[in-house]
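In the two complexes that follow, subunit A is the common piece, with subunit B as its partner first and subunit C second.
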Partner chain A sequence: MTRFRSPAVRACWYLSLAILAVPFVFPFLWMLSSAVKSQAEIFSPALSLLPETWHWENYAEVFRYQPFARQYANSLYIAGLVTAGTLFISSLAGYALARIRFAGSGLLLLVLISALMMPEEVTIIPNFFLMKQLGLMNTHMPLILLPMFGSQGVMATFLMRQYFTALPPELEEAARMDGLSRFGIFWKVALPLSRPALAAVGIITFLYSWNLFLEPLVFLSDIELFTLPLALSNFTDAYGLPLWHLQMAATSLAVVPILVVYIAAQRQIVESFALSGVKG
Partner chain B sequence: MADLTLTGVCKSFGALEVIRNVDLQVRDGEFVVFVGPSGCGKSTLLRCISGLEDITGGTLEIGGTRMNDVPAAKRGVAMVFQSYALYPHLRVRENMGFGLKVRKVARPEIARRVDEAARTLKLESLLDRFPRELSGGQRQRVAIGRAIVGHPQVFLFDEPLSNLDAELRVHMRAEISGLHKRLGTTMVYVTHDQIEAMTLADKIVVLRDGRVEQVGSPRDLYDRPANVFVAQFIGSPKMNLFDAAGLAASLPGHLRPASGAVRAGLRPEDMQVLPEGEGLVSGRVESNEYTGAGSLLHLHLDGLGRCLALYNGGDAPGEGAGISVGFDATRLYWFDGQERRIATRESAAGIST
Partner chain C sequence: MKAAAIRPPIPLRTREALVGWLFVSPVTIGFLIFFVGPLIAVLGYSLTEWNLLSQQSSFVGMDNYADALGRNPEFWTVLRNSLVFAAGLVPLNMVLALTLAVALSRPFRGVVIFRTVFFAPVVTAAVAWAIVWTFLLQGESGAVNQGLALLGIDGPNWLRHPDWAMFAVIVTRVFKTVGLNMILYIAALQSIPRDYEEAARLEGASGWQVFRMITWPLLAPTTLVIMVITVVGSLKVFDHIYLMTEGGPENGTLVLAFYIYEQAFEFFHVGYAAALAVILFLLIALLTVTQVMLKQRGGPR
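Let's look at the complex of A and B:
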């Protein structure tokens, strides 16, 4: 920090950072502002972040327009299940890939990583037919199963594997000397030590599931089953045009859980990515 | 406490043979040190004893019981790792009692044993700290404490002091030695530091390329090395080697090299650096390394080549000075063409200065 010892230099530095932050912060402020404006005021030529009249009733309207509380709950429980399931599977699989020597483990890792390269749009049609054959159309199951076993699950497994690889092997040997089984070592030593990775994978997975749009669009048709991203696109008038004030109000409600979780754990996300890059 | 017996023990990693037919008998309560250069297999041999590695041939017995296929936790051994291997998420107390908890020992008994070990190692005030809150020496003591609480038959130490600074290493060396005296348990210790080996061991095992070169007390190995490798490995600075015929030419008539000798060895501390003309072999000083108590002289001897000599005192000859070297002929070691030491009747030799 010696570079910023001079107050003038420090002030210049902060000013530059503040200017750079504008493109990132402004849309967010615009969303919050539009959420309490009327539809007409949003498009008025006088650009202002502060509304002329505060329309708090926009928030109530969001819940009257469609079953938004139900859709919010859908997103919460699906994201929760996907996160828990992904953490369970990716930690077990990541540990196995990092620590258990078995024939073809290298090849398996290569196949898994190559699955990351495939865009989800490519697999959506085969997945559609698969889910249809399994009778899971218009249910939440595709939204739970596909992220857990699809590219997000692979990403999570890869992150966990990198973290487990970086754990000192002596710790596991000490645990063996202490009498722990392979699963005991995983459960009582490796897993408690991988809390930063688990936190990061948990947040990334939650975000992924929370923001999922294509899959709900393909697999769901009942409005009661909609998740938030789909619900947000549903605030339209009789001509199919967006009702921006309602969309913005609903979106500002939708980002609350993400903001809370992200602010609470952003340092661990960065640590985990740094670790997977440097030590892997 | 128990005997430890290795008979024809081998260990291979695929086609790579790391331990080759090792026979070793460690008596109950003995302190045995494995030494050898990097890659000689000393740590692998220790891991084979611990059960962290399976042996691929031979028999391993602890307390008279064959242990080849017994899991590490059931061999009655405890290991202290080079990196300490303390669980970072557990406090000192939990680290020390972890193994007992896994073995489902009753809580009051765990607490009693942990407190007892903490008293022995002066860790009482650190029991509620996490490993990250401890210094290197404290971590090492916790690692030893973790080994003690299980009341093992055999303690295994894998270069436990190599991560400590020099001063702490000397301190911990004394602590480990004291611990061995107090507990009287069989201890097997791996190090590449021969000072540690010489000061701690009842018995030293010198390894090279997975084979045992010699087993014996520190004095045995220093005074009666089996071959050139052991002779040069034990002792610091290492033993000088000369061509036997070349050295013989410098010896007085009544002193002849041992029969069949090809090389001669002389330790730097056994060489006396004298003014020109007063010794047996003349030469000059190539460089002088001042060590405080004395100097380490790099010499070039006429007809014999380069060698090292320890010079005690502050008036060592400087670079380029002409000197001559004398030595006690009883301190000469003779080696045959296979580099084995030739046993001689040292008492027959005289002082040759």
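Let's look at the complex of A and C:
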């Protein structure tokens, strides 16, 4: 524990950190508070975190305004599928790149690494026409396929490969003596040992899919098919002006569960992101 | 057919290679279809004049690039905006990240709470963050201006004012992303052995000298990684612009990634948008290669 030289120093320390924290905390508090205010109070000049009257019905209104429950379910099942799919194919490929010697593996790794940084804006136009030709417009398939096989999937493969490379080879020797096939070794020995890496990749992938905006915007037109980020950008009145009370209630519903999980598993989640950052 | 029966067994090395390719095939095939293919296609599109509405396309050579680089002044506005955005965001982000990391890398009562707070926007959807800040930054009834009014300051209509919109978007984007760089810096700081600092302290070095002469040079590889991630991240900013300013006012926040989207999917200038995408690709490739070269020149530590 750091010891402070004097109570005054300690007070200054905490005060400056608290001031710095305001733009990080206040938006969440203001969002929650405005979610239960009336439309009139939102435009009143009083800067109060507590509403004059509590309008819990704003939350119910969100579900009447849009098929919000459906959109929530869309986001959940898409993120779930993307995460499961990415974990399977990236650990399989990452294992091969780390552990199996085969011609072309070095080149493949190099090609994959060079794609790590490429944003989806570069390939979104041809992907749009590709999906159109495959008849996948206005379906969830592009939202599942593109994260799995684009730069996010490449990142997952690379992270898994890094982890398998660091795993001591002796652990596999015994299994090989027992006559296990390559897939057997991967599935029964290597994969269970890589649980920390799987957790990290799973967390990053889930959040990536959950927060995705450009792809839903480009590929979806049917409001029933919207995912949460796209649904959130859609709370406007007949004139295109935002309905702030509903907007904030909907945003709260989308953000709070993630924040609760984040606070509960803070350490694990932060470490996952740190891992993805030091890949370079 | 007897030949099949007496064929010698496949040698182990070949079998290993087959298994290897089998394991990487899902990722590789998907990558070829949804990344490499589109990358080649976007180059092809960029050489055509293609109108989505009339479904007509014709080869025009480098015309789209000539449009961007010469005939269309909008492109230079966009490029300048992207550079201003990066030049504003990257230093602000990195200085704040390093400051927070230095403050939060050693244990004190409440340190975990502060780390949790500064990192929270990173796990929050960019869309949600942009929407809430748009709400906070409204002209008259926005909470930021109401707060400033208490201090006697008359705040501008941040996102609609040509002088302030870019500034507001940069700062809110920094708040969204600084937590990640802070965490990377904290990890790097905690990996520096404490003996270094203690030795220097015994020699009579001040806190600032220790940072300047020991900590900062040891952080150099981390700083390089963070810089590249942050510069590339600033070039691909889309959600914030789309939701907060739509490139306005007066094209003041029209940046490259948003411009590509707008040209392709709102104005249907596919060829031109593809040329822009190729330019974005080249910019990012250039940055990545520069990083690798810088790293190699630095040599292994």
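What we mean here is this: the second predicted complex is superposed on the first by the 236 of 280 C-alpha atoms of A that agree within 3 Å, B and C clash if a C-alpha of one lies under 4 Å from a C-alpha of the other, contacts with A are read in each partner's own complex, and residues count from 1 in each chain.
As a convention for this text, contacts are C-beta pairs under 8 Å (C-beta built on N, C-alpha and C of every residue); 3 or more make two chains touch, one makes a residue touch a chain.
Note that the structure is predicted; figures quoted are calculated from it, not measured.
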{"item": "Fit or clash between subunit C and subunit B when superposed on subunit A", "value": "fit"}
{"item": "Contacts of A:228 with subunit B and subunit C, given as first, second, both or neither", "value": "second"}
{"item": "Arrangement angle, subunit B at one end, subunit C at the other, subunit A at the vertex (C-alpha, nearest 10°)", "value": "90"}
{"item": "Contacts of A:112 with subunit B and subunit C, given as first, second, both or neither", "value": "second"}
{"item": "Contacts of A:192 with subunit B and subunit C, given as first, second, both or neither", "value": "first"}
{"item": "Partner with the higher number of touched subunit A residues, subunit C or subunit B", "value": "C"}
{"item": "Partner chain(s) touched by A:180 [first = subunit B, second = subunit C, both, neither]", "value": "first"}
{"item": "Lowest inter-chain C-alpha distance for subunit C and subunit B in the superposed arrangement, angstrom", "value": "9"}
{"item": "Intersection of the subunit A residues that touch subunit B with those that touch subunit C", "value": "none"}
{"item": "Residue ranges of subunit C touching subunit A (in the complex, touch as defined)", "value": "13, 16-21, 23-24, 26-28, 30-31, 33-39, 41-42, 45, 100, 103, 106-110, 112, 114-129, 131-136, 140-141, 143, 146-147, 149-150, 175, 179-181, 183-184, 187, 222, 225-226, 228-229, 232, 235-236, 238-239, 242-243, 257, 260-261, 264-265, 270, 273-274, 277-278, 280-281, 284-285, 287-288, 291"}
{"item": "In the complex with subunit B, residue positions of subunit A that touch it", "value": "168, 170-171, 173-180, 184, 189, 192-193"}
{"item": "Interfacial residue positions of subunit A with respect to subunit C in the complex", "value": "1-2, 4, 13-14, 17, 20-21, 23-28, 30-31, 34, 42-47, 89-90, 92-93, 95-97, 100-105, 108, 111-112, 114-115, 117-119, 121-130, 145-146, 148-151, 153-154, 157, 182-183, 186, 207, 210-211, 213-214, 217-218, 228-229, 232-233, 242, 244, 247-248, 251, 254-255, 258-259, 262-263, 266, 269-270, 273-274, 277-278, 280"}
{"item": "Touching residues (chain side subunit B, partner subunit A) in the complex", "value": "50-52, 71-74, 77-79, 81-83, 85-89, 98-99, 102-103, 146"}
